[in-house]
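Below you'll find a set of structures to go through.
There are two complexes below, and they share subunit A, which is joined by subunit B in the first and by subunit C in the second.
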Partner chain A sequence: MTALGTPVQGVTLYSFTRDFHARKHSVEDLVREVAARGLGPGIEMVGFQSIQGFPVVADGYVDWFQGLIAETGLVPTCLSANADAGLRRDRMLTDDELVDYMAPQVEAAARLGFPVVRVQISLTPDDMQRLLPLAEKHDVRLGLEVHSHQHPKHPRIQALLERYEQLGSHHLGFVPDWGATLREVPATLMARYRRDGVDEDLLRQLVAAWHEQDAEGAPMTEEQHGRWFRQVMGLAHQHGSGDRGIEMAVNITGLFGHAKPEDWLELLPWAVHMHGKFYEIDASGDEPSVPVERIVGLLVDDGWSGSISSEWEGFHWNDWEDPFDVVARMQALMRRSAEDAGSRLVTDPDEARSVLAAHHRRS
Partner chain B sequence: MLPDRMIEPGTLEAAGDRVRISIRMPWYRALPFSSVAGVTWTIDGHEVSADSLTWTCDGTTLPLAALGERHDLWWYVLDSAVVEGDLPAGVAAGGEHDVAIALGLYIPYITTDLGVLRLEERDRKPMQLEVAA
Partner chain C sequence: MATDDTILISDSLAVREDGLAIGLKIPWYRSLWVSSVSDVVVKVGGAEVPKDGLRAEINGKSFTIPELGEQWDELWFLQDRLVIVVPQEQPPARGDEVDVEVTLSIRLPYMQIAPQVYVTNHATNHRVLVAG
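And then the complex of A and B:
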């Protein structure tokens, strides 16, 4: 029997985007607040968000950041990099250019002390294989994010899995994003659309479209996703909200994925880190759209002991709740879920370092 | 993502026959200038001529139409960009005006069946038109 997993609690600074963007809190403020409120010990950040000039990172910044980490006792878990294949207007980047584009981001993560670099779906199995020597050199793990509208059974993810199994390196893996496995459209998004005066009939039809697509199953082709995207844009145009059609289509078909929580199991041996994506916590303390309890239960039962960043994306539309409070309530839900499954979440920094060293096979 | 953050309050200013405004990125991370697909700017319904627009960010000023080629320059998420153009005839200096900005924004890591994702974000605010001394 597999020993029960003890995942490590943490948070990504992306959850606090609204306050950071408003220049209300600096990165240093956010890191200190995370530590003070016990929302770690794991800490993740997005390179292109938190670091001006990224991927160029000055030595002085590295020293400052490592000092801040030492002082707060937090544990760096993941630096999120971006695979900007659509950087140019005249053409997509070639594979050579995209691999070159990723290299300084991987190096920056290593210098800052992050054991995992989140990378993105534009990278092919060949690209990942070409980045492997760099990951080995710096002893960082490249985790390709499995983010809606992709999902574990999507052909592109399956092609990566097949390559990982051939190469057999623990330096390549996945970062599952729980947004790929939703069970309902977030009620807070509908509340925001209602506040903005969006037609009630359109709101009903957006939810109905999501459920129709859910019945069809997570998309296996880009054509299928494109058809859904156009369907939602069409609904918006028909109901006088054409100017928000793209946004609605991105939300309904791009953020709220249709895979089942059990689908993650196939990827768990390669899950280097996770994005505990969530949108809202209701009055009972549950997450009505992301099945947090079910997912944590699966991880624990499967013996998975990696880091989970609570990633609150409700901020896209929710400007009425405090992000630190929402994250705290989601983490309480994760801790309860792990305990209900007979285990627990790791919240002690020293234990987190030790559990993650084993997870990452670092001595 | 954050369209109501785009127009920065208190930044509408006329100088001679030109008018400028400061805008924030409606996204969460730095993007290259080449991600800016276009700006449509109206004051009381009068369009600020697209051909007259310039973009100033991180110490660089370019004609708006030149941004597409500059994937080597970056709009950091905390930086404001100043958009400047010809003051439309019919807009009187001083007083309150109805200001609207639409920003096209390519998201370089998200591609769909329709190509690189292009968002169209809109913001509209009443603003005082200050006249530069």
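And then the complex of A and C:
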């Protein structure tokens, strides 16, 4: 019998995008607030969000960041990198250029002390293989984010899995994003649309379309996803909200994935880190759209003991709740869920470091 | 788009000797290369400003709008402002109210939907701003 998992609690600064973008907080403010409120010990950053001049990172910045981490007692878990294959206007980056583009980001992660680099779906199995020597050199793990509308059974993810199994390196893996496995359209988004005066009948039809697509199952082809996208655009136009059609289609068909929580099990041996994506916590303390309790239960039962970043994406539309409070409530839900499954979440920094060293096979 | 599409904020507008300077927030959640800016349309007092008169300033450099598309090694940091300079023979005085509308189109270089086609976010803001 597998020992029960003890995942490590943490947060990504992405959850606090709204205040950071508005210059209300600096990165230092956010890191200190995370520590003060006990939202760690794990801490994740998006390189292209938090670090000015990224992917160039000065030695002085590295020293400053490591000093801040030492002082706050937080544990760096993941640096999120971006694979900007469309960087140039005239053409796509070649595979060589894309690999070169990722290199300084991987190096920056290692220098800042992050054991995992989140990379994105623009990277093919060949690209991942070409990046492997770099990951080995810096001893970081590259986790390709499995983000809606992709999902564990999607052919692109299956192709990566197949390559990982061939290569057998623990330096390559996945970062599952829980947004691929929703059970309901977030009520806060509908509340926002309602506040903005969107027609009530359209709101009902958006939710109905999502459930219709849910019954069809997570999309296996781009054609299928395209058809859904056009369906939502059409609804918006029919109801006089054509100007928000793209936004509604991106939200309904792009963010709110249809995979089942059990689908993650196949990827767990390769899950280097996770994005505990969530949208809202209701009055009872549950997440009505992301089945947090079910997912945490599956991880614990399967013996998975990696880091989970609480990733609040509700800020895109929800400007009436405090992001720190929402994250705290989501983490309480995760801790309860782990306890209900007979285990617990790791919240002590020293224990987190030792659990993650074992997870990442670092001595 | 899903994210905060606020590009104009209360202190966006500044007066210069030869015109207006409009500081824009990036309508996305991360820093992007300046080459992601695919178009900028500015209206002042309801009238569109000819594009060839506009300049865009960032990181201490100044570009025409078409030149922005070539700047794929110039980063627009999330907390920085892209300053659009509108030439005017008689700029308003500090404290004056000015009706400003800006549409900024940005192409997201990692969200491809077809060969050479990327998700583009068009953010339009219309505000009456006090010149600073």
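We take it that the second predicted complex is superposed on the first by the 363 of 363 C-alpha atoms of A that agree within 3 Å, B and C clash if a C-alpha of one lies under 4 Å from a C-alpha of the other, contacts with A are read in each partner's own complex, and residues count from 1 in each chain.
Everything that follows uses one rule, which is that a contact is a pair of C-beta atoms (placed from the backbone, for glycine too) under 8 Å apart; a residue touches a chain by one contact, two chains touch by 3 or more.
Just so we're clear, the structure is a prediction, and the values are computed from it rather than from any experiment.
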item	value
Combined model on subunit A where subunit B meets subunit C, clash or fit	clash
First, second, both or neither for A:H360, with subunit B first and subunit C second	neither
Which of subunit B and subunit C A:Q52 touches, first, second, both or neither	both
Partner chain in contact with A:H171 - subunit B first, subunit C second, else both or neither	neither
Contacts of A:D84 with subunit B and subunit C, given as first, second, both or neither	both
Which of subunit B and subunit C A:H239 touches, first, second, both or neither	neither
Partner chain in contact with A:E223 - subunit B first, subunit C second, else both or neither	first
First (subunit B), second (subunit C), both or neither touched by A:H316	both
First, second, both or neither for A:H154, with subunit B first and subunit C second	neither
Which superposed partner A:S122 touches (first subunit B, second subunit C, both, neither)	both
Residues of subunit A at both interfaces, subunit B in one complex, subunit C in the other	14, 17-18, 20-23, 46, 48-49, 52-54, 82-89, 92, 120, 122, 246-247, 250, 316
Residue numbers on subunit A that touch subunit C, as the complex places them	14, 17-18, 20-23, 46, 48-49, 52-54, 82-89, 91-92, 120, 122, 246-247, 250-251, 255, 315-317
Touching residues on subunit B, where the partner in the complex is subunit A	1-2, 5, 24-25, 28-30, 32, 34, 68-69, 71, 74, 76-78, 106-114, 116-120, 122
Residue ranges of subunit C touching subunit A (in the complex, touch as defined)	1-4, 9, 25-26, 29-33, 35, 38, 69-70, 72, 75, 77-80, 107-110, 112, 115-116, 118-119
Subunit A - residues contacting subunit B, complex	14, 17-18, 20-23, 46, 48-49, 52-54, 82-89, 92, 120, 122, 222-223, 225-227, 229, 243, 246-247, 250, 254, 316
